[in-house]
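Below you'll find the structures, each written out as structure tokens.
Two complexes follow with subunit A in common, the first pairing it with subunit B and the second with subunit C.
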Partner chain A sequence: MECKKIEEKGVEVCTVRGYISFASEQSLLAVEDREVVEALMKWLNVYGASVEQNVVITDGVEAYTARVPGAINTIIYRVPNAKKVAYDFIKYLEETGREEWINPKLAARLELELGIVYVKNLEERIKYLKRASGEPAAASTPAMPEDGSEAVKSEETAATASTSHGEKAGGIEEETTAAGGSITIEEVCRVARILSESYGADVVYKYLLKAKDNPVLLQTLYA
Partner chain B sequence: MTDGCHPSKWAPAYQEILLYMEEVWRMCQKPSFASAYPRLCAAAMVAALRECGGVVRHNYWVRVKPRPKIAAVIKEAAKLAGKGKYVSVRALVIRSVKAFLKELALY
Partner chain C sequence: MAVVLRPEGTPYHLLHYSQFDQSCAYLDRVCEIIEERSGLPAKTVLYTMPQVAVDYLNDVEFEGPMRHIWECYKRGCLPASFEHWPRRGPCPGLYERCPCGPGAFLRDPRDAYRCLRECLSVTKRARELGVELWRYTSRKRVYAKPVVAPVDLLELIFRYRPISYIDAANCGLHGLASLIYWAQHKAIKSVEDMLTGRNEAQMLYKVSRKKKNAFFFE
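After this line comes the complex of A and B, so read on.
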């Protein structure tokens, strides 16, 4: 067994010929496929190795393994936070569109144990969708009377609707009313309209999100 | 909601996003909305899946209640399921969360 210690990271990397089994090993992968090799190698490059080999991530208690069929060597990472590193690996595969390879049970358990929660604030987007849900209906089937949305500012929605704008831009302009602040709604609408014409709705949305906290930004930039 | 059979069992980290997706799925019951945003609805539908096992069949949407009726939604759902005969619930959730956020232009 050849070992190499990386001091600053507290990681010990060993390579073994063949494969040695561990007491409590759990496979990271659901499939053992040649294709996995390519992904493994890319991931290993991040961690400083680049040979076709089995991977074992262990902290001495639990071992997380990714076995590659036909590999001669095994690389063993002795790391203090094996769980985190193992989850990094899972995340890497999932983000590169290889989510069907990973072992779902282990992934779910790791997420629970590490307490990982992805929080995204989608409130406003959902609200906008609710509002928009009425509009494509009007476009495709004109006789669609019920508007599924609970528009908060009715006079504002009326104003945006009268400008005969795309439904997307309309929804965004509505959200600016929350930003409101010291400037008038008409002003915000005007700015949003100009932006949406030149950059598209997404840019407007991002800009307005930023401007929500400090309405001064709106005034100074587009006064 | 029967506990334990929720898709968040297989992807606990995405629990909150899945809740949003269920909300969107309720909006997708409106045929006009569903045909306007088929991909969004197909992704949101995965959150409404009540399958207790770790894998689902490729045509998992037959188990979703209320069952989707718009052809475009089903087509997008098939795309999310991928090529295999079976697909693991976690893989499905990961894919649909990605698609969902992309549809909302947030990813």
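After this line comes the complex of A and C, so read on.
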């Protein structure tokens, strides 16, 4: 087994003939295909390798492997941060349009363990909340301020969304009592929507029957 | 040496976030093993990416009355819809369709995609909202990654155009009712009933003969 150690990066690169199986192997690739060779070669060029070979990234405990059919050599990277290097490899494949070769579960697990997913998740959630708040049901809410406060606002809306069943019911009772007075069609729709979410069609029907007492509202409803 | 566990609950207990610690108590050391191997709290793993949690149980063996369903969970053949909701009123005529419940998020991403694409109640809302449940590669093939925080995503999707789980249950859409209840309350109804001693939605523990055979003769 030939090995060379790169002291600066703390990386040990070994080349072995054939393939050594590791105790806890996890394949980085979903498919073992000839087409993967090209991608692997480009990635391996970073480390100065120029032969078709299997890749093993290991920190001594976990081993992340990318096996190439027909390869006669295996290059083993012993790195302290095997997860990060494996994730870089996956990212490289993703960015170059080769997502279908990736083992998606392992990619997701690495994201989770490296803490990458949290930031992404938060951003996505804010994006969805922004879109959701643009709906006609929430049109009556004041317009959102710029940038930083937007995130806070959307977190607040998320918090309100996760309130318990009981709290929601309390809010609904208040709104239904107010229905006797002068309310707009938007308000009726909003209450009906909340009721349908929590109580079902029967309750919505009863509420709309009550709302019928208001002649202006009735006119708008059946217009 | 393989770890042998004897859980009293089903894998669906892992999705019961509202009383997570209590439901984990029924699962022998499953949550502890996930915690040890991931280096993260079990709830974080299961809340953020429930689909990858099964990877941490690779060399675990199960025994006891729940052995079959746990083995199914490991092999990725877990039934996606698993609860029976009794009808308590008239069906208001929902134009909805969803054969899968929250169990879909305990399956392999590819299987979850196959199940979710049939769930028009979710896909049509997601499309209208611009939410991506799966991606397409440059070759126009589906690239199904595990869904990040699926319960949050479903909460947003169902807030966009709400359906009541009671209506879904009254219309016999058991999977949809479970899915909506999970999204709204972060809880699995049958697990909640088990913990609180009520009996509103029944969990179907049985693995179908076909799936059992697939498990034995695979």
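Following the convention adopted for this analysis, the second predicted complex is superposed on the first by the 116 of 223 C-alpha atoms of A that agree within 3 Å, B and C clash if a C-alpha of one lies under 4 Å from a C-alpha of the other, contacts with A are read in each partner's own complex, and residues count from 1 in each chain.
One rule holds for everything that comes next: contacts are C-beta pairs under 8 Å (C-beta built on N, C-alpha and C of every residue); 3 or more make two chains touch, one makes a residue touch a chain.
None of these values were measured; they are calculated from a predicted model.
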| item | value |
| --- | --- |
| Partner chain(s) touched by A:61 [first = subunit B, second = subunit C, both, neither] | neither |
| Contacts of A:99 with subunit B and subunit C, given as first, second, both or neither | both |
| Touching partner for A:107 - first (subunit B), second (subunit C), both, neither | both |
| Touched partner set for A:72, first subunit B, second subunit C, both or neither | neither |
| Contacts of A:116 with subunit B and subunit C, given as first, second, both or neither | first |
| Overlapping contact positions on subunit A, where the subunit C interface meets the subunit B interface | 99-100, 104-105, 107-108, 112, 117-118, 120, 125, 129, 202 |
| Subunit C - residues contacting subunit A, complex | 38-40, 45, 48-49, 51-52, 55, 89-90, 92, 108-109, 129-131, 135, 137-139, 141, 143-146, 148-149, 152-153, 155-156, 158-160, 162-164, 166-167, 170, 184-186 |
| Residue ranges of subunit A in contact with subunit C within the complex | 97, 99-100, 104-109, 112-113, 117-118, 120-121, 124-125, 128-129, 131-132, 135, 158, 161-162, 165, 193, 196-202 |
| In the complex, subunit A residues that touch subunit B | 30, 94, 99-100, 102, 104-105, 107-108, 111-112, 116-120, 122, 125-126, 129-130, 133, 136-137, 140-141, 144, 148, 202, 205 |
| Complex contact set, residues of subunit B against subunit A | 9-17, 20, 23-24, 27, 30, 32-33, 35-37, 54, 82, 84, 87-91, 94-95, 101, 104-106 |
